[in-house]
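The structures considered in this document are given below.
In the two complexes below, subunit A is the common chain; its partner is subunit B in one and subunit C in the other.
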Partner chain A sequence: MGRVLSIQGGGRRWWISVGLLGLLFVLLALVVPLVVVVQRSLDAGFGNFADALASASFLRSLGNTATLAVSVTVWSALIGYPYAYAMARSGRVLSRVLMTALMLSFWTSLLVRSYAWQVILNDTGLVNELLLGVGIIDEPLQLIRTPLATLIGMTHILVPFTVLAVYAQLRGISPDLAIAARGLGATRTRAFWTVTFPLSLPGLAAGSLLVFVLTLGYYVTPQLLGGAGNAVIGQSIVEQTNVLLNTGVGSAMAVLLLLIVVLILGVAARFLGLGRVLGIATERSAR
Partner chain B sequence: MNAGVSVRVVGILIAILLIVPTIVICATAFTSGSSVTFPPQGFSLRWIDDVLGDRRWMRAFGNSFSVGLLAALFAMIAGAALALGAARARGAVASVFTAVSVLPMIVPLVVGAIGFYLVYARLGLTGNVLGLAIAHGVLGLPYVFVNVLALLRTLDPRIEEAARVHGAGQLTTLVTITLPLLAPATVIGGLLAFISSWDEVVVATFLSDARFQTLPVLMYGQIRSGVEPSVSAVALVVTVVTFAVVLVVFSVGPIRARLARRSSRP
Partner chain C sequence: MIRHRSAAIATASSLAALLALTACSSDSGSGAGDSASGTEISGEVTFAGYGGAGGDSITSAWLDPFSEETGVDALLDPSMDNSKLLQMIESGNVTWDVVEVGLDFDLTEANDGLVDIDCDVVDCAAFDGNWEVTAKGVPMFIYSTTVAYNTDLFSEADAPQDWADFFDTDAFPGKRAINAAEGFFGLAEAALISDGVARDELYPLDIDRALEVMEPVKDDLIFISSGSECIDLVTSGEAAVGACYNGRVTLAAAEGLPIAQSWNQQIQSADYVAIPEGSQNVDAAMALIAYITSTEHAGDIADYITYGPGNPAAEVSDEAAAEVPTANEGEGDDAPIVADWQWWNENRADVLETVSEWVAS
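For the complex of A and B:
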């Protein structure tokens, strides 16, 4: 009898030891490297941090990153919300089509999508050819290697997170609520803004937060699409470690980036629940 | 209440914008010209032939595949172990297991990449499959963790109890009962971990060298040196493999849901 009960009671020790196997892997493979980064950042006392914060290019990259993160978040909300709404509140066919398009884009490699935007936005790319063809412009616009190109590429890559978060939220709101509001005399617009929209805000907040935090750590897309003068934090860090071979300062910058991310997620966890935000992060398995 | 016509139209327009980049890349891979233009000039398979016949690309393809498989294996073992721990331990211990499992999602890739490089270089784990697979394994672990945890919540504990009552030890029950029940979710998580490794470029760049490169690393280098149809062809190959794996995930998904329903039936 004791053995049967042990699944619920004494067996806990067994499951802890099973979990420890995985814990050990994460500790050795990831936590130790992170500790080494922190250690390396402190190898000159706080000198590396002082150097990092005294560097004009790093401070500029902080500003660029903040601007980019805000813009990507706002555009993702503006584009992602109506998309999620159309997906959640239309017939089976359209809903399927929109979900399929979203997934096709979502699952295309980040590198491939950044490359695609380079092809689309360069001087002989699709956009310039179209505008030249129609006669709106006489010579190609400089689109590539601009903050605009980074913004477009990043928004395209991250908007699915907003869509999935809002969609999940909207699916949980009964359409009957808006119908009731209309039955009581509200216009379609009023019913949306006073009933559906406020109820969907937690989803929008969670998605936006995730987009904001993810943008902070990007490197590849800004590197391929942005210009030399618009570097983001990720590029500053890689420049220190790989070009200037200054791992100490690079590590200090990396620690600062990690602190910013952890701080934002920590604050968000108190208001939104971390599970909700990170749940969407693994939504690549969403169906 | 259904979305109005204008919202639907906006939705369709955004859907087009979403898939245009993928379509552009796939189309430019089939160009018969020697520059990347859209619409492509003529149709040919020469660039795809080129890539498939190029030893450098093929070696990178092999590297990516090996790294992805091994990373998925690491992620599956460690992710399932942590999910079991998180679901069946209590209190602070369970919270630690969960926190450790989501950590790889929180750490920005650039930050992780520096750490991996600093530690793995000292251990001889750069420039080879094993080092990158360990790094990608830990980064892909959350996919396995989340999927297995979800399935564990629906699992009927009496199945395992039955095995124990009939005299099976803890290890026997785990290996012959629990793990097979968790297999669908573990495999789905593993496939997702494979894909996250398959198209990862930042960590891979830090852990590669001139002789050992993965497909994204080689592609990234090519893109930086100039846009070329062969890069589109590689991008197409990368995309096709990803989509194939995703299709498997989506077709295994319903099976998993059915299994979960069956095992939770009273």
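For the complex of A and C:
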């Protein structure tokens, strides 16, 4: 940081103009559309918000989305943490294999991955054929078009965010600390829970926050894997804008979603220390 | 090059226009579809449609021949989307000239965003069937939702034939694939008709009664949101019967998949063509609409895809007839079901709310 700030004269002006370009892009690509959406949502005063909040199916989709976001976050943490730990603490070969597997999945289009889960979870899909073939079940299990299918697909798609955030944090914690704890008489388990795990928490919090917020806005995967009875907010918004051509109410729903996200980020900032969570803290704000 | 070509075309078409004016000034209707319908047209028209097999078929059946005949380049933009269209019209930055719209788009006089259909150019009088020309739109093609079934599970002789059979899981066991994303548009009508409601007493639709018809078999209904799901479910046998789009059934059957359909009580829908206010080439756009919907050419689409012509006077080739909705209409109780789209446009939001609550409960 210090070095960048000490750049003098022409160099500094160059950095400022680059920064301004970025600012311009954010302004055009984020602020302008946002203003339009907010404007649309208010085109009938607060009537659009009243309509949105009076719709039982919208409220239901809010509930579905919240449940989904919490469970995807929890499962991502449960699956992602051990994975990240193995990646950070194992030997070079295993670490690379784990990283490659993660990246392959991360870089595959989410559309492809959602369709793949469709094939796996269908009544005539891999899982059911296998269970039927072995004789564990007589009738295919209802997997596709259930909240469970959405949960599985979403967790698969978002778990890399948890893994990468935790991995980056763990890499910054010296293994010597755990070794020192063991040298002082702690068991392996105790050394992990009292030394390594608390130090890795900011990474877990950052990853979980990302997963949670990303889940709130997901549309494609719930659409492909979830049933008609478990719509999420994204689907409610699409129904308003594309089926009912009611951009006002659709925009109001989008603004409500945005407010919820801002609220969550606000709470995270207050109680978790947002700067630390997002890894953008300066020395002072982290204290 | 292009400039020379269009100049030559302009001369040619104005000559043709002169000829047409002098030759058949008393017969304005039948001139529709020719480039020479009175106004000189040139330049380019962009047809906004939906891509895929439908878009390819529209290009081959209508856009390319129209370009050839008139010299106006008719191009397909496959990125049509209702909300995008609305935004274009609102912002005044309109890049489309002819748009393919479903019946969920307001095509009445009240819609200021669309250009009035000019019945001096378009042969409006020919549309005397189920699908009428409205103030702002002309029926382009007709497709239908039919009772489709898995042929491994039912032989043709004892297959479900109509919507009463569709909702009768005792006589025709197995799950049903049905689209709930559009508030049972057309399907609510089908349920009510199967429950004995007379066709002329359908509206205002009693959605609650329609849902009561479906309630006993609700556990057997698989709620889908796309046409391809319907085919996947029925051909794999996950669903024994489905309310599928006729064209997709034909395609799947042609690939050797175990699926067939009954045409009785087919639920018809039409896609319309309209011109957004702000189009840069309204005259050519109107001429393209006249061409697409003319008695002479409307049926050409059936040679490429299993859609029926929107113009009831148009004919389809014998080879295509077996799989085209309009060529397989039943009579009496088996007649096509045509939803009242005006009623739906007024009530869609409420119906969607009711239906999605019922689906979720």
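Basically, the second predicted complex is superposed on the first by the 237 of 287 C-alpha atoms of A that agree within 3 Å, B and C clash if a C-alpha of one lies under 4 Å from a C-alpha of the other, contacts with A are read in each partner's own complex, and residues count from 1 in each chain.
Note that a residue touches a chain if its C-beta (ideal position, glycine included) is under 8 Å from a C-beta of that chain, and two chains touch if they have at least 3 such contacts.
Every value quoted in this text rests on a predicted model; they were computed, and no experiment measured them.
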item	value
Which of subunit B and subunit C A:T247 touches, first, second, both or neither	both
First (subunit B), second (subunit C), both or neither touched by A:F49	neither
Touched partner set for A:A101, first subunit B, second subunit C, both or neither	first
A:W75 touches, of subunit B and subunit C: first, second, both or neither?	neither
First (subunit B), second (subunit C), both or neither touched by A:T124	both
If touched residues of subunit A are counted for subunit B and for subunit C, the larger one	B
Touched partner set for A:Y167, first subunit B, second subunit C, both or neither	neither
First (subunit B), second (subunit C), both or neither touched by A:A178	first
Subunit C-contacting residues of subunit A that also contact subunit B	122, 124, 241, 247
Contacting residues of subunit A [partner subunit B, same complex]	3-4, 6-8, 11-12, 14-16, 18-23, 25-27, 29-34, 36-37, 40, 79, 82-83, 85-87, 89-91, 94, 97-98, 101-105, 107-120, 122, 124-126, 129, 156, 159, 175, 178-179, 182, 188, 191, 216-217, 219-220, 224, 233-234, 237-238, 241, 247, 250-251, 254-255, 257-258, 261-262, 265, 274, 278-279, 281-282, 284-285, 287
Contact set on subunit C toward subunit A in their complex	81-83, 86, 104-105, 180-182, 222-225, 236-238, 348-349, 352-353, 356-357, 359-361
Subunit C-facing residues of subunit A, complex	55-57, 60, 122-124, 140, 145, 223, 227-231, 239, 241-247
Interface residues, subunit B side, partner subunit A - complex	1-4, 7-8, 10-12, 14-22, 24-25, 28, 35-38, 74, 77-82, 84-90, 93, 96-97, 100-112, 114-120, 134-135, 137-138, 141-143, 146-147, 157, 160-161, 164-165, 170, 174, 188-189, 192, 195-196, 198-199, 201-202, 216, 219-220, 223-224, 227, 231-232, 235, 238-239, 242-243, 246, 249-250, 253
